[in-house]
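Have a look at the structure below before the remarks.
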Amino acid sequence: GSPGPNDPHRGGKLRLMSTAGAGTIDPHINYTLQFAQIFQGVYDGLVAFKKAPDAQAFTIVPDLAEALPAPENGGKRYVFKLRRGIKFSDGRELTANDVAASFRRIFKVSGPTAGSFYNGIVGADACLKTPASCTLAGGVVADAKAGTVTLNLVAPDAEIFYKLAVPHAFIVPADAPAKDVGVNPLPGTGAYKIVSYDPKKQLKLLRNPQFKPWSDEAQPDGYVDEVDYDFGLNDEDQVTAIANGQGDWMFNPLPADRLGELSSKYAKQLHVSPLTAMFYLPMNTRIAPFNNLQARQAVNLAIDRNALVKIYGGSNLATASCQVLPPQFAGYEAYCPYTKNPGSKWTAPDLARAKDLVKASGTAGQKVTLLTEDTAVGKQIGTYVLSVLNDLGYQASLKVLALGVEFTYIQNTQNKVQISYSNWYQDYPAPSNFLNVLFSCGSFHEGSDASINISGLCDKGLDADLNKAMSVGVTDPAAAAKLWAAIDRKVTDLAPVAVMFNPKQLDFVSKRVGGYQFSGQFYFLWNQAWVR
Amino acid sequence: MPEPSLEPLLSVRDLRVSFRSAQGRVRAVDGVSFELSAGEILGVVGESGSGKSVTLMSLLGLIDNPNVEIEGSVRFRGRELIGLSAGELQSVRGREIAYVFQDPMTALTPVWRVGWQIVEQLRAHTDLSQAAARARAIELLAAVGMPSPAQQFERYPHELSGGMRQRAVIAMALSCNPAVLIADEPTTALDVTVQAQILGLIHRLREQFGSAVLLVTHDMGVVAETADRVMVMYAGRVVEQGSAAELFDTPWHPYTWGLLGSIPPLDGPRPRRLPAIAGLPPALSALPPGCAFAPRCAAAHAACTQQRPLLQAGAPGPLAPRAHAAACLLPADERAPARERCTSSLDA
Amino acid sequence: MPDTSPAAAVPLLEALHLRKQFSVGSALSRAGRQTVQAVDDVSFQVWPGETLGLVGESGCGKSTLARCLVRLHGITAGALRFEGRDITHLGSAALRPLRPRLQMVFQDPSTSLNPRRRVGDLIAEPLRVHPGPQGSRSAGEVQARVRELAELVGLRPEQLQRFPHEFSGGQRQRIGIARALALNPRLVVADEPVSALDVSVQAQVINLLADLQERLGLTYLFIAHDLSVVRQVSSRTAVMYLGSIVEIGPTDALYAQPAHPYTAALISSVPVPRVSGAARRPRILLQGDPPSPLNPPPGCRFHPRCPAATERCRTERPMLQGLSGGRQVACHFPLN
Amino acid sequence: MTLAILRRLGQMLFVMAGISILTFAIFFATPGADPSARIAGRNASPETLAAVRHDFGFDQPMAVQYGLLMKRLFITGELTSFVNRGEQVLPEIAAAMPVTLSLVGGAALLWLLGSVLMGLVAAAHRGRWPDKLLMVLGLVGISMPVYWLGSVVNLVTQSRWHDTWLFSWVPPLGYVPFSQSPLGWLLCLVFPCLTLSVLYMGLYGRVLRAALIEAGQEDYIRTARAKGLSPRRVLLAHALRTSLISVVTLFGLDFGALVGGGALLTEVVFGLPGIGKLTYDSLQTLDLPVIMATVMYASFFVVAANALVDVAYAFIDPRVRDA
Amino acid sequence: MQADVPAGGMTPGLWRVALARLLADRSALVAGALLLLVLLACAAAPLYAERMAHADPFRSNISGQVMLDGQLRDVIEASTEGLGLGQTPIGPTWQPSAYLLGADNQGRDVAARLLYGGRASLLIACGATLLSLSLGALLGIVAGYFGGVVDWLLSRVLDVLWAFPVYLLAISLSIVTIGSGLHLGPLRIEADSLWLPALIIGLVYLPYVARPVRAQALALRRSDFVHAAIGLGVPTHRILRVDILPNVATTLIVFVPLMMALNMLTESALSFLSIGVQAPNASWGTIIQDGLSLLYTRPMVALAPGVAIVITVVALNLLGDALRDALDPRATFRVKGGGA
């Protein structure tokens, strides 16, 4: 007979849904989780995140490279030996030249992370200045005959493998155009290939006929023959479609007013998984009133994280937190000074102490504008925090900006945003991806609208600690973890942000989907699911 | 001119029309009686607002106002028209009694061709085929003196001049050979030279089609030149009636004197001042109790303000509908001297 | 009777080859934009103390001419003199001091009075905007003058507090006249002041105008389409046809012996309120309708309707030429 | 005549140029509008940002940027989105058009039929209860926010009573192309069209009734009645025929505006991927090329509808034709 | 018309006559009463919120609790079935003392918010109406009266505004100003001010007023009584003030309720697209918007403000029609199909 839903089963069509496409299909440029999730089954890097559930996914395994190379030259050189016989979906064999060209392409197309992830490669400086003439000479050296690629770094980098495993470092053919390919997919080496893409309608994937599995950990074979990723339906309708079995999975968060119905009627089809992410309120440490430490701490003390968790969907969908690092991370040590009974866990807000702090800070009565984004959660959190700010004695007002606009707006130092709503999802599971990216002096760019250090914190001592932790990490991860834990505490004490909670992912799949797996890195592993 | 038959074609008895309004009841027509015989032209004169149009429109129930009240009797060929439903009146309207309205500029539906509108009427009352109706319409247009009638047939109303439009309206009115043609100020909007053409036309057509004509105007000159008999209205009432000669040569009512006197003469010596009627017509909602003209009448005496005069013939006895009659309390013998007094005193 | 002799040295108002054209129609309509020659080469004089009557059919350009004369319209070509001074192209500010002496009474008394103002204010308006002989007038002076004017035209003082819509047509025309007289004008251009009125009221207004002329020594340019009215009021009469004056002369002579075929036809068309008595003049029935000023016929404008038209009339436009007795006619073949 | 057409075209161009400049100006006055940062991605280095800015020409003077945009939109036709990079804008609009046309066309049919019926019945029963009832209904129709009505309709047909026989046939929200399933197409449009037409039905019904009653006082209606025509014929052939003129001009303008994306709220509420939704989405993400293209498209329809109405007006109303 | 002229001094002016006619119009009275009711209710918002519902309609009350029928309940209750996901606010209690119409997803009293929302909606509608009427009248009169180049220029500007799809323009303007408010010289409007949407809506509908006013001014410019005034030598500024403005005024007054109605719908639509009134302020549109995310569980949150809008707008439209009948039967007010 036919295999039951619980038995692995090859073939069929998986129907994914989202309200909209996520922009360009160029893996070197697209910087969205939505498409990273797709790219992981379509392209490969030299190394890869392990295709495994939850935090196991944070392990790096060799992918196009035969093995993880040992650092040479004091951690500044890595030599990757490529596997033989891997072919792109157009039938051409992958060579070392493709790898070198792909690295150059990151710069040539001005990839979003070219300056932040790959600026440590020798020659990257020149490439960043004049992308068109990028050679990365001495930085990425391909030896086609030997089948090796040598990567030379300016300085040791503890996180280099992570950076090589994200989609921006995926390998595409050497002759890929040196510009954004937009809606025309590039050939890849993964188990699936993208056959068509219309950002308003559909992304279609089929099996890559050239694909022969080489590592189940890095690029496992998929179960379904075809994947249709449809765009255009709103979230309510996606839920209905999945409930009726007309769709298999949706990308968008489930609408809040359907949660009750779903959790009682479709409990079996729901999957809750923890995320390495945090929702937080950046406070501008450079302008009043939050240039005052006590004022910032007061906000931290006053917010009722339970209420915020409720807004997000309840304690089953989020966990209150006071600190920057999420629980699954190396270096995470539970720490919460901003609660009724300070310790490791948040219990209740302490409004009285918060008010005292505001009084002590002398900032009471000042005008504060809170920025938030135009999503259901964003608006609700904004409204709630507004009440808190007013309770604290500020004259608070709220501005709601469109989803696409808010992030660049609050990042822009010229806009002098005092406090805002934001969230941060990891690029890769390293503490620096939170602590260094969000709070180092290097992440603050005066007068730029891409200043990710929104709170504008620039603390010499903290910067020194960050650099130390990162360099120690190259050789001694365990020692580094200790350092990171200290930094996490230090940042939390400095309170440049008020962390609210760590969210969880809620996936709703149709009855016929089996083999649901959640990767901490790429979330729902669609290529590991099967359909009846 | 054919000898007017004595059998009345249309006989109106004590017609009263009133409108209910916020100010109370407005009596627009108050006890009007007259007769119209076949082939006869009856002129109705009176100043603006004296109730001429309302009288005529109520004959065929054309007043489209929920607040109107019509009393009295209108007999056409012995058939009572008041109280008939719109459906029953349809066969009379346009076929037996046709209308020509005051303003040719607005009397035709602007979005239909002139010919179409004539054909429409023909086909509403006869069983002519489209082609036959068309031929007949062109014939009619020719009869009213339209140059190149086949072309005019295809024109829209706005493409015609005022005189041509009025001709088209007349052609339409005549299309079913009506027994009575009601013309409500058919020339007021036209120039004198064109007015002369239209009046000539009405005369000619009366001969040709034999219709009786009820001609409304406020121009004494037009009545004098066109009508066989004349009826003068003031404030919704008939103040004087009689043959044209009687009325113009020996007017009895002081209002008629005034009307005739206030027109500047076109020949002879020019008076230094015109013998105008003093004052203004009364508001219909607040008529004086006696003679409506009394407040403006130079010959009024005490009784005029109390007693409402009835239409009275010169000779005693029952009032013949065709007799010269006036609604005035002045004794017959005092009229001529009074008229003399009034006009000359004004000229002083 | 006012002095009508042309011997009075300077004409009060003089029009020389006056022209006024309008462009009409929308660019989208079938015919496109066209020009209308509403006033087409008109010349005449108005002498102090006289009443010049102007008759013509509807649309022949009487109102346009009147508005040109008081400079409510710009003038397309020609010249206009008032009191000997060229006012053809004066701007509105330069005209303002002249306004008190050159006034107009409008055809339709119901549209020429602002419905939202009380009658007293309407009559007072010219007094308020023009300074009197001793500088601007006090409120009391204005009030007194308004009462005086009201009495002059036969309105009761308490009626001054009412609105125009509460008056009858004849009364409204009196208001218009009072307003025009407020500043003691020399010339009053009256554009069909009685056409909208009933005969009985019409006579009252004509009498009023005559009385005022007598008392105040006014000069009128009196426009009407009713020939008998013009005859009653004017000492000289001009007849207009399609934008031009076809005949002008002393009233009695013109009515008794029209020189232009159009004048003759016009006079003969007027219905006379008489059935017996003196035999009426034989009627001259014209053919056709007045042509549109959009495409006037060539040559003599009247030739398509003229019973006596010849080939010459079709091609050559007759100019106004002098006849005996101060008369002028624009016809190749005058009737006498 | 040709000159007139040229003038009219000139005017249209002027208006559209004005609108495009206004749109452009509004866009660049918007805080956070500069798309470089969004295109470059979060945590982009300053160098990357500069490179993106240069690539997209955001470092050029405004006038040059505007010229470039116009050129890409109207001349080369290869305008691409800022947000969905590589996505061609014009095909996007072409794809959205049939959706909007289906919605607006269906609604127009409904509201024209409905309002003519409403106007006629009300005018015929002037002052009596059918008139009063219809006019109050029309008023309520005009007064309901369309998005709210749409939401309530959705609530009723998609959730509350979806399981009853009454609404079980209602398909899920969204659009089904005609080519894919004619029946599906029809069904998915029923409620959106009804919702959209309510406002206009009320509006037109009231306008038509007023026009009919006004026409009823015209002299030519009196003439028609004096001719001995039946009341129905007087109403239909004379009163309605002239009254329709005012409705036709209204209709032209409204239809133009709706086809141009004016049905935005309806499209958003019913999840129809038409022009309005496209515009709305692009405004949400500040996607200038798409905004510009849709605004130009919409204003083109408005301007063209204005011009067409003038021409059509001349066609239906002979008085205007050669005025 | 031959009027009998009553003896005696002052007679009522046209305005007084119109007022009398209005007072005699039954639908106008009904509309007026409805409007008054709405206004009073909105005016009493603080009274209701503080005295009866004891609720702050602008403060989050997510963790709050309420005593209902002797039971202490969470205002926002967590679902306990299945996986225990989702939170549901309290539904309508139909008791004026607490949560008459239920709570929204911030745990706030919907009834209190409804009343406060009405204030904002009415205020914005009023402000926008004032703006478009005053500015529109000014532009329209200037363009219509002076004609020529001025008219050409103003007309083209109005054409551009007119052809710019209403909602697109409003949305665009809102998006521009929502971030930092409007700072134009001395004019400073903060982003969360109610004047901002009022300004935007007023601006967007400028042509709706300016165009008919221009047409009317043009007609008045050609009317006999203005000619008469020119003929009398009345200075232009006085003509504008005395002859043009009072005659345009009737049209403007007729426009007031109709524009209010239109503005109200527009405001609610903008708020629905979350670019109108900014949280925590509420207008009926924002409440509907909040309510839509609860539509399937607590429909009353979205239904109630919708009904309020319908009632108010119907009343305004009725009043507008009655005013038109009473004042200026020929005034035409064109509602473009922008609100769809």
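For clarity, chains are labelled A, B, C, D and E in written order, and residue numbers in each chain start from 1.
Everything that follows uses one rule, which is that a contact is a pair of C-beta atoms (placed from the backbone, for glycine too) under 8 Å apart; a residue touches a chain by one contact, two chains touch by 3 or more.
Chains and their UniProt names: B = ABC transporter ATP-binding protein; C = Dipeptide ABC transporter ATP-binding protein; D, E = ABC transporter permease.
All values derive from a computational prediction rather than experimental measurement.
Asks: Can you check which chain pair, C-E or A-E, has more C-beta pairs in contact?
Replies: Ranking C-E and A-E by C-beta contacts puts A-E first.
Asks: Specify the chain most distant from subunit A by Cα centroid.
Replies: B
Asks: Report the inter-centroid distance (CA atoms only) between subunit A and subunit C in whole Å.
Replies: 89
Asks: Could you state the distance in Å from the CA-based centre of subunit B to that of subunit C?
Replies: The answer is 32 Å.
Asks: Provide the C-alpha centroid distance between subunit C and subunit D (ABC transporter permease), rounded to the nearest whole angstrom.
Replies: 54
Asks: Roughly how far is subunit B from subunit D (ABC transporter permease), going centre to centre by Cα mean, in whole Å?
Replies: So the centre of subunit B lies 54 Å away from the centre of subunit D (ABC transporter permease).
Asks: Two or more other chains touching the same residue: where does that happen in subunit A?
Replies: 374, 401-402, 405, 409, 415
Asks: Could you check subunit D (ABC transporter permease) for residues that touch two or more other chains and list them?
Replies: Residues 30-32, 283, 286, 322.
Asks: Which residues does subunit C have that touch at least 2 chains other than itself?
Replies: Residues 168, 171.
Asks: Considering only the defined contacts, which subunit D (ABC transporter permease) positions touch subunit A in the complex?
Replies: Interface residues on the subunit D (ABC transporter permease) side: 30-34, 36-38, 40-49, 51-52, 55, 80-81, 83-87, 92, 95, 158, 172-174, 271, 273, 278, 281, 283-286.
Asks: Which residues of subunit B touch subunit D (ABC transporter permease) in their complex?
Replies: Touching subunit D (ABC transporter permease) from subunit B are residues 57, 60, 62, 64, 66, 86-87, 89-95, 98-99, 101-103, 106-112, 120-121, 124-125, 156, 158-159, 169, 172.
Asks: Where on subunit B is subunit C touching in the complex?
Replies: Those in contact with subunit C are residues 47-48, 147, 161-164, 191-197, 199-200, 218-226, 244-245, 248-249, 258-267, 270-278, 280-281.
Asks: Sort out for me which residues of subunit C touch subunit E (ABC transporter permease) in the complex.
Replies: Going through subunit C, the ones touching subunit E (ABC transporter permease) are 67, 70, 72, 92, 95-97, 99-100, 103-104, 106-108, 111-118, 125-126, 129-130, 158-159, 161-163, 165-169, 171, 176, 179, 183.
Asks: Which stretch or stretches of subunit E (ABC transporter permease) touch subunit C in the complex?
Replies: Going through subunit E (ABC transporter permease), the ones touching subunit C are 1-3, 5, 7-11, 13-14, 223-225, 227-236, 238, 242-243, 246-247.
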